């Protein structure tokens, strides 16, 4: 096979794809079935360090671990790497806190149909952030490679484009068919945040609706912090084994946070708060006003519920529940 | 990277791993949402041809499509290839009919703790069957590669063994880490048989308990015949989208066959008929007696229910339901 | 806008599988299901499969994309279905498109480390355009968007034209199919793979086509005039698909 | 048999994850959970994760392997967990084992096309022995099974000893850990990776060890005498694990 003209991306690979390093980590990690409940503050203090590579579950404005992302800003974490795997409102929050210096970008700085985040753009246009380009599929498969205990997975995307040129992928030929493929290095994050519908105190989690990549992210990450709408008993988990998406051994911390995906949508529970998300986008246009907005909503709030109160509290939640259920 | 000393297996690859050939097949295959109900006889006549490569869902003695496998024997299909992916009682039935001439072997000729099938061994010791060796994991991943639309997947199994030597795998090095890997060619069967708990008339299927590899097999195969314990409405399928394991476009034929996994176990419904399975193993020791046994149970029965009647009918099923639920 | 949605809807035949985003593509798919294609299967890249959409989703991952759906799954599985050749169509947009249908949604400027403007990037666009059989683009047309050279090829069209797309290793027989704008409908030349006019919208002129593209668009003699939306299409669109006029309201 | 199960159970520490088959391994895991390892997580290769076993499963895929389990999944996912380094122990058997712990469960004879005896093949054995950290083998001991050269290396032990296992590309720090027979318990030499005696069962002699192996087993001076099952172990085994004596009934 002619492997002479195979190309490779010039983008930096921010985390080692070596599966033996991750095997060694898991070999030493105890898998005790113990009560993992804690607080947002303690979990972020204990499991998130400056410089860590962070993966955030959900889909930007759907089933997002808002409380944890706010706390990262509140605790002024710095120099994080993060995977922009449909990172919309979460990318917007992290940008507001200037928490990261490198990013695997598949989808960033935008809020889908709602528009672009002026402040996130400012951050990414500053020249201070190292960006490696990927696609949603490529990042999903990089997490899957890690979840499978592999150093890479082949794919058929990105070939021939600038996205490939600025990625960390390599071209390769199938040893059986000679087909040209884009080989994707496994992505093993240091820490992951995931919001779920139900979890027991050991970290066994159930998710309704789309998984996005959260089953793979949970297995791929060294440390996983879960926030959950509801804590349920282990008996309840065992009643429907097919519903368990994330098993306990992946999880380091569990925090019960009803309405924890606000202002994002929580499938089957409440819809996204479009007014508040538009307020974010609007306020970002004026740096001064935005600073005050972030002080008010994040730095000067002690908890997620203070933030929720500021923006309508249970009245707002009830309205969002109605939108979710009555459409 | 030193690719000089990379080994490759001498085993034959029985089906093309080229994903473009499968893409072309699916491109031409219409995906109409139509009533796919038919009979076992018609489905096997229409979708199984001599020489086809066959994949069978379930786990040998758990959730197996017995009626379809019997019908293959009854219609005297010949020269099939098949994947011995924990193929226990199904391998035993196909061996009784001398239906195949090649096999990807991960687990064959045995019935787990119950013992070895004398007749299946006779077939595989005859020298008339081409056998390529694999492992349960390797065959699972070969189906997964096909389901993902890839020509191969890397893995870390089989290295250094005779299983690798007699397989169709190739050693390769990770282009990112240099780790040595066993590369597995995708497996695209011509036809697959799968027994499920519930399906609608379009072929959307729900499965309780373990999936084994059936989600991937359904996507990997050119044609899929589903037998189901129960046909449910499309509305019922849509009530719990997360329960749909196999989507309609994978499926060509749907046949409602309550107790269709007999004499195998159907998780949550009825346990395996250990007496009858022991009768198979015992009878196989005497070729004459076994011929009569197969005539009686397969060739001279017109349908699966005649076979079930011969072996205890609903009385037996009720007993197996009790074992399943009361243990 | 109603015209563009109707054209998009007509291009989705019965029994096809399409991955859509929010907005126009979603409206087009819903309209197609209500008119000529009741068996059209709609997927959302985030994991929603064949929902009975109760309302327009705002996010391609929100709960409406799985409402009474046939399956709720992962993004990886949706992309794998595309990679396996199951998906016939995808709908895309972008900040820039060139004559070979290459799309830019990553940056404006020539310095990737310090771009003049940063856009979201590929999202699922590169995946879908690489893997689905036919790519449909719906976009307003002007000189800035229809650029001779896009600043960044985020998503593959026919790359440098001719056979360059398959030579790059992308799956055979895939590629840009139609570009639907406010001026006309465009396809691609059989061999050169350059953009060419298929039909001109009522009231638009060839001059409009030329004035609103930086590159030269092939104008064959036999181009057509786009058919106006039928009253059936308009009724479905206004009363069932988008009663609150979220999308058809736009310019 | 009760002794072998007890020894196997003792080797599974609390907080470990183990993949078991039916029979002795399953009994050992259940016993361990009832004694020193309440936090032992039991997986079955077919897809069952941490069931509350109501009875001995007959198949590693039957419904008992998911009864009140933490998760019911696919075989691929179980093997991927092993590949990712999550699983500490696996239990295997085989028709033949050599001094490096290589196992044969494929054929007897030297012609793969026309074997004297065909066995099932690898099943999941090669996967588990390649990927799990420590491989435990439970087997009756005799000259036929303890062979100088196995007819077919189905499942990797230390291959040719020394570093040959890692040189073959198998994950670092994995390999055979213990062999538990009706005569004694064996481990492997730190460097040569040859089988060596760890403890001799009560009433057995070094001569028994030698007479029942075709190859030479290293006999260190400091081998121990196997501890008999405690009354606690026997009670749990007879009353809770296997009351119907399906397994402990065997020879």
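Should a chain be cited, it is by its letter among A, B, C and D, assigned in written order, with residues numbered from 1 in that chain.
One rule holds for everything that comes next: a residue touches a chain if its C-beta (ideal position, glycine included) is under 8 Å from a C-beta of that chain, and two chains touch if they have at least 3 such contacts.
Note that the coordinates shown come from a computational prediction; the quantities given were computed from them, not determined experimentally.
Q: Higher C-beta contact count, A-C or B-C?
A: Looking at contacts between chains, A-C has the larger number.
Q: Please tell me the distance, in whole Å, between the geometric centres of subunit A and subunit C computed from their C-alpha atoms.
A: 28
Q: Would you kindly tell me how far, in whole Å, the mean C-alpha position of subunit C lies from that of subunit B?
A: Computed value for the inter-centroid distance: 40 Å.
Q: As a quick test, compute the distance in whole Å between the mean CA positions of subunit C and subunit D.
A: Centre separation, subunit C to subunit D: 57 Å.
Q: Provide the C-alpha centroid distance between subunit A and subunit B, rounded to the nearest whole angstrom.
A: Centres of subunit A and subunit B (C-alpha means) sit 38 Å apart.
Q: Scan subunit B for residues touching two or more other chains and write them down.
A: 19-20, 149-150, 155-156, 179, 181, 208-209, 241-242
Q: Can you list the subunit D residues in contact with two or more other chains?
A: 66, 72, 82-83, 131, 171
Q: Testing understanding: with touching defined as stated, what is the shape of the graph linking the protein chains, line, ring, star, complete or other?
A: Shape of the chain contacts: other, as it matches none of the listed patterns.
Q: Check the chains against each other and report every pair that touches.
A: So the chains that touch one another pair up as A-B, A-C, A-D, B-C, B-D.
Q: Sort out for me which residues of subunit A touch subunit D in the complex.
A: 19-20, 22-27, 30-34, 146-150, 204, 219, 237-239, 241-242, 244, 247-249
Q: Quick one: which bits of subunit B touch subunit A in the complex? Just the residue numbers, please.
A: It comes out as residues 13, 16-20, 149-156, 170, 172, 174-177, 179, 181, 183, 185, 208-209, 241-243.
Q: Going by the contact rule set out above, which residues of subunit A touch subunit C in the complex?
A: Checking each residue of subunit A against subunit C gives 58-62, 84, 86, 88, 105-110, 112-114, 116, 121, 124-127, 130-131, 133-138, 140-141, 143-144, 155-163, 166, 171, 179-182, 208-213, 215-216, 265-268, 271-272, 274, 324, 327.
Q: Which subunit D residues qualify as touching subunit B in the complex?
A: My answer: residues 22-23, 45-48, 54-55, 58-66, 72-76, 79, 82-83, 102, 106, 112-127, 130-131, 152-156, 159, 164-165, 168-171.
Q: Hey, which residues of subunit C end up touching subunit B in the complex?
A: So the residues of subunit C touching subunit B come out as 14-17, 39, 41, 49, 51-52, 66, 68-72, 80-86, 88, 131, 133, 171-173.
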